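Dumping the structure here so I can ask a few things about it.
Letters A, B, C, D and E name the chains as they come in the text, with residue numbers starting at 1 for each one.
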Amino acid sequence: MKNSQLLTKIFGSCRKPLLAISLGCVFIISNTSSAQEPVRIAFMDPLSGTFASIGNTGKTILEFAADYFYNSKGGILGGRMIEIVPLDNKQSPTETQLQFRRAISDDLHIIFQGNSSAVASTLSQTISRHNRRNPEQEVLQINYSAVDPILTEDNCSFWHFRFDAHANMKLDILTDFIAADEDIKSMYIIGQDYSFGQVVSDTTTRLLNEKRPDIEIVGNEFHPIGQVKDFTPYVTKIVSSGADAVITGNFGADMVSLARSIIDSGLDIPIYTFYAAYDGITATLGESGKDRIRLVHNGVANPLPTEARKQFNRDFKIAHPNSDVTQPRIVNALQMVVTAMEKTQSTDPYAIALALEDMRFTTMGGEEIWMRGEDHQIFQQLSVSVHTDEGVEFDADNSGFGLVTEYQVPMEETILESSCQMRRPRR
Amino acid sequence: MALLKNSSIWIAFLVTLLGLPLVFDSILAISIMNQIAIAIVFALSYNMLLGQGGMLSFGHAVYFGLGGFLSVHALILIEFETMVFSILWIPLIGGVFGLLAGVFIGSFSTHKAGTVFAMISLGIGELIAASSLIFSSFFGGEAGISGDRTFGPTFFGFDFAQNIEIYYVAAVWAFIATVFMYLFTQTPAGRMANAVRDNPERAEFVGYSSRKVRFISFCASGLFAGIAGGLFALNYEFITEENLNAATSGRVLLMAYIGGLGYFIGPIIGAVVLTLMNSLLSNYSELWMLYLGIMFLLTVMFLPRGFAGFFMMHQLAWIRGNMKMLIKPYIITGIPAVLFAVCVIALIEMSHTEDEVFHYLALELNPASPITWIVLLGIAGGAFYAVKRSLLQLNDAWETANAIPKEEEA
Amino acid sequence: MLKVSDLHAFYGKSHILQGVNFEVAEGEIVSLLGRNGVGRSTTVKTIMGEVAPQGSIQFKGNEIAGKKSFEIAHLGLGYVPENRDIFPTLTVRQNLVLGMKSNQPTGRWNIDEMFSMFPNLAERADVPGGALSGGEQQMLCMCRTLMGDPDMIMIDEPTEGLAPKIVAQLAQLLQEIAKRGVSILLVEQKLSIALKISNRLYVMGHGKIVYEGTPNSLLKADDVRAEWLEV
Amino acid sequence: MAILSLVDVKKNFGITEIIRGVSLDIVEGEKHAIIGPNGAGKSTLFHLISGRYNVTAGNIRFKEEHIENKPPYEIARMGLARSFQVTNIFSRMSVFENIRCALFWSMDYGYSFWHLLGRQTELNDAAMHVLEQIGLTDKAKFPSGELAYAQQRALELGIAIASGAELIMLDEPVAGMSHSEAQNTVELIRKITEGKTLIMVEHDMNIVFDVADRISVLVYGEIIATDSPENIRANPKVQEAYLGEVPSA
Amino acid sequence: MLEVLIFATLNGLVTGFLLFMLASGLTLIFSMMGVLNFAHASFYMLGAYFAYSLSLYFGFWTGLIFAPIVVGVLGAMVERYGLRRVHQSGHVAELVFTFGLAFLIEESIQFFWGRDTKNYQTPELLDFPLFTLLGQEFSAYRGFMMTISIGIFIGLYYVLTKSRVGIIIQAAITHPQTVSNLGHNVPLIFMGVFGMGTALAGLAGVIAGPVLTTFPGMATVLGSIVFVIVVIGGLGSLAGAFIASLLIGLLQSYAIASDVGMPDLLNLLGVSFERGHPLNDLWTMNLPQIAPVLPYLLLVLVLIFRPTGLMGKREE
């Protein structure tokens, strides 16, 4: 049990001899059965608090994938099960630090983390620092969702691997898609006032300027994150600016509120986004958002490409009727990490990291993805999908609505240069 | 020191602080102890305001956070060798900036205590927290800023790379800060803070401006909150906006309140209890915040003077040698009370779980079966009834144990 | 009607009432005299439930010690406080409405009657209570209490700060009220009105009743007046 | 020589005039009582002198210096101390601490946060001396809020006199006390105000006539008489103010 | 630009009236108990969630009527069994109690309803644009929100100043003991007012839920703003709360609608700074960006220069 482990962790090696002996016995016993000892992977994301729904969905997917692909088939590395240890960081950088120390204490050396670029940055810095100071206790960060480009550019780290396309890559695709739409003559950018929001604003401006200089940026607005009660005043500005389309990097309640306000105002223009689906958002947007909201994301939405992928979704839905496979890249990340383990026959983070570099892997969707060794950034097919209820085989939030892919870009065309100058540890 | 009459208590405190890592030496334990050391300083500094000075603040994190931000900036300066000094002095930098912030904000906010002060503190807190997101070149936006404590001159060969080393630094600083905060209560300014809290009007009639008295407490409190912020910066080597926002301010209020306002030891108890709950409870249950909320409300309702106040309530019975009269009634009430709590928690957890078998205290419960629910509800109901009944007896026992003996009354 | 026996009361730590005994019969005007600070006001406040009582207070045969103020009021005991407590922002009429215990005026008094008795108030029916003169406020306060149809009222220093002419009016009014079968307990410092209208009177000193008699007997008891009442 | 003199002092609250022009000289060393019916404005007058309220008009001089509209703490520092009608102590602090707080300023501690109280022998001795005077030595460590009423009143006095003020103002010092307690308190007042100027508001006439050298009668914000106790007693205006027109027996 | 101005005003009014529904209850409760109820916005959130659940089964209109009642009853129970008990331990304890209550309500909502955004929709009946002006639509629902809020304002004004109950409440707030002496059950009145205040907050939640999104953070977003209003308006003053609500609603709306900022000011002054300037954040700041901060700035300024608030009574 988790609980008893925690207690032994805290009481550590009690100096009382009797206890030491008994603990020693336990150690010997557990050592003999090491073949059956599970491979333990930490999942660190908000599991309580405002952002918990996203974190909990991620945890469910990761746990399901571990059981589906490995544990139900006899485990990995010759019979070891994968155990997912959830760590609740409440989406707070401070709490992340605390949970990181728990992870070290609990002997966890692979940490899956995705939500919030701020948290990912903190964790990446903490891990680099920790690994430098404790050469035998390294930790690997598997970032499955934080998209701030800086994580694989200026602040790239040997111990950090990103399994999602970063914001600039996604924006590249999204602006291509927008550029192809001749009807769009003007664009309104609105976003949360923090790093990701700024990246969206800067990059969109730059890319649209290159691709469609005729598109006028009629608004470039930042609003405080999570503090806006009512988006109507912003929407009023959007309407009066006469924009033909809106692009936003908002997530969570800010995304829903913004989209609802735009729709309620009767403004019939497309909204380009990153995070406008699942976890209640699709259901809330429902009919009113139909054919107006488009997302850029990795992989493919409906129609799913392969039977294996479809089967995974169906089985997942049977096990978790109230959840969706929102982030298939978690599955890719797990599969690639396990592949690296099998390849090196070890759970040593350093070895895994080396094996992950430049790994090419075929996902259950049948597509080949590539982890670039130079900056630890994944490259995969990217898509733009639309929020609709037509042709949706796998809906979201059991609402009948879901995403249908309209535009796909193969992996090769998504590759961007990186400014990463990685400091590689020596062994 | 003769003035520390009970210097044995202080020695015990220091020994406990320094000796704890010998008993609990896991990484997690050290991390928790680090947090506790910081929380103690922070909570005590808050108590200087509310417990000793009667100023209810909803923005105390401002001084903690500003101290922390300046400390991290100092770490960065050390890293780039703009400044060269040992990181041991970082908390002092935090303290100085906490003090400066206190002097500035205190100069206009300490006119009045009570609601006006509380609202100004709330406003200032929100203002600075919001500004910290706007001025991202200094505050680093939502990701905060980070430094590295291993640069700068080493101290007897320690480079402070390990958390255990920082723990000793934090423990010593916490000890020093605690001693000074205690000594502050033993000075005229500290005493007048109590006097102004109890009766600001009368304090004026013995020659003191209540406002100046409050101002001095306020600044001192800012100083120590800044020191706590500096310790935070040293421990985590980074700081973000959340360390100066309302949530942090709220947490320190909870610590001081649950521990017991007005008692010097109260905030220390509160800091320890809340930090432990925060870092341990969250591992047992996703719903830990719910329990925290319930516990907090129960404390406010039934132990208005906090844990320390609860212990101090027994002082009289203890002096009179009547504690033994209370033990039995406590046990009689305690057992059903614990049983009730256990059942309620089981019910809450069961209604939340999705698993088919629910593991609880070595029991395997079946959430799908109505029998489980009925049995648990039955036990909870019975236990509640038992508590209610036995409370009367406990009350009687309490009255007798604390009754004033006849001769004393005369 | 009202019977107070061995009443004790504390203000904080201070033992203000130290065993007060007296009674008021139906239709009677009884005065409670004494210097400032001897506990006269505390006595009525304690009867009214504002101060926690120890001892027995019987009103119309019911034990009311320990009951809440509004319950006592509902039993038919009215109280006109010393500071009058007119609601300054409410109009005269609203102040009177507040005196009623339910929406319908019942029993002996109604607003129109009040206004005909006090033409001054009628004129100023829609003026905020705070704008009235001291005498008018006193009248209003009395009327407000009467609107609740009490069987007995307790009045604390009604003459304080009033011109002699108004005091005379007031005395007349009190007698009128008593005629309608409402008992009155009058708390006073000044002897003039008390001697004029009381059936019986009590003198208080140091938290106890120190003298009981009639107006005539008090006039004769020079020693009592010198010790407990005069300067 | 007048240590305190009031010249035509007025105080309004909104449109209500509470003090309507009070002029009064208090001679150094005298024991002066202010009496009057309820609501006459006695406490308000005290508040005006001690600085709790600002005057609407007129001036107040203490030791030849104008003190109207000064904050209370400055007036207190000049040597004017007062007690309150409702017990007004630092209720969560011990009896000893209460007295010690009253001593800080007069013993030049100011807002010091560098003096440790445990070491200030002189201060602590002075505090113990005051406790002795007011007879609370054995309750020194007792929480003052838990004291018996008469003891709290004694402490109230102690706080007022601790600083060694020259002018002491007592607001109803024996209110709410039993007869014997009141007698003890009078003795105490006599003892601790020896050689000092005293202004006292009190309703208990026995005590007033017992203690006071001169009496002022305040009625509806005006002083109708200031005189020796005998003359006050004989003054028909005073009797009327108190008792109204009494029909002769 | 005209339509921006008009719509900014309309938006400001909608927000202002909504804020007033919360602030009015909070002010009443403060006048009565002398305590700022930190959990007030949590009752607003409860209103939205109850109405959401009711609307799933019985439609929007049932939720509109019954959710505030449920919230009001809940509020009354909190007063009866919680606050009244804590009242004995003083104001700080009461404040801290409501602080803890806010925390508990948020957690409970996550426990019962989960953490994700709820799909609480406006009723179809009101799903049309009320009018279109220069290309901008003003939705019927917002019109409905405004109507309800103004209705509440008028109703509240009428009840408090004209009805007997209102007179009793007004009097009980300032002179509880006297009102009790006149035979009115003051504790019951207090409980009723607390219930009514929370019910109003609940109603605000019901009508705001569909447009401002129903999610567990909705109380936090509004919570401190409502305080700010009550304090700026002058503690205990309903008129002040009304003015402050509209003031803040309009202030924020105009600030967002405006496009001016430091760069414009600097241009005007003819000063310019390089992008790398250490105070770059300050030089590039604009008004929409700091709109949410403005109420707090106003609060601090008001408290410093007029501690009693705009309409508060002068203290002596």
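The working rule: a contact is a pair of C-beta atoms (placed from the backbone, for glycine too) under 8 Å apart; a residue touches a chain by one contact, two chains touch by 3 or more.
No experiment lies behind these values; they were computed from the predicted model shown.
Which chains sit in contact with both members of the pair chain A and chain D?
The shared contacts of chain A and chain D, listed by label, come to B.
Compute the centre of every chain as the mean of its C-alpha atoms, then state which one is farthest from the centre of chain D.
It is A whose centre lies farthest from that of chain D.
Based only on mean CA positions, could you tell me how far chain B sits from chain D in angstrom?
43
Please tell me the distance, in whole Å, between the geometric centres of chain D and chain E computed from their C-alpha atoms.
48
Using the average of all C-alpha atoms in each chain as its centre, how far is it in Å between chain B and chain E?
Here chain B and chain E have centroids separated by 31 Å.
Just how far, in Å, is the C-alpha centre of chain C from the one of chain B?
Roughly 53 Å, centre to centre.
So which bits of chain B are touching at least two other chains?
130, 134, 136, 287, 289
According to the definition already given, which pairs of chains are in contact?
Applying the touch criterion to every chain pair yields A-B, A-E, B-D, B-E, C-D, C-E.
Within their complex, state which residues of chain B touch chain E.
Contact set of chain B toward chain E: 50, 56, 108, 111-112, 114-116, 118-120, 122-124, 126-127, 130-131, 134-138, 246, 250, 253-254, 257, 261, 287, 289-290, 292-294, 296-297, 300-301, 304, 348, 352.
Quick one: which bits of chain A touch chain B in the complex? Just the residue numbers, please.
Chain A reaches chain B through residues 1-3, 6, 9-15, 47-49, 52, 88, 92-94, 97-98, 101-102, 104-106, 116-118, 121-122, 125-126, 129, 133, 193-195, 224-225, 227.
Chain D touches which residues of chain C in the complex?
Touching chain D: residues 11-16, 18, 35-38, 82, 157, 159-161, 164, 167, 189-193, 195, 206-207, 219-220, 222, 229-231 of chain C.
Which stretch or stretches of chain C touch chain E in the complex?
48-50, 68-70, 73-74, 79, 81, 85, 87, 89-90, 94, 97-101, 103, 144-145, 148
Of all residues in chain E, which touch chain B in the complex?
36, 82, 85-86, 88-93, 95-97, 99-101, 103-104, 107-108, 110-111, 224, 227-228, 231, 235, 278, 280-282, 285, 289-290, 292-293, 296-297, 299-300, 303-304, 307
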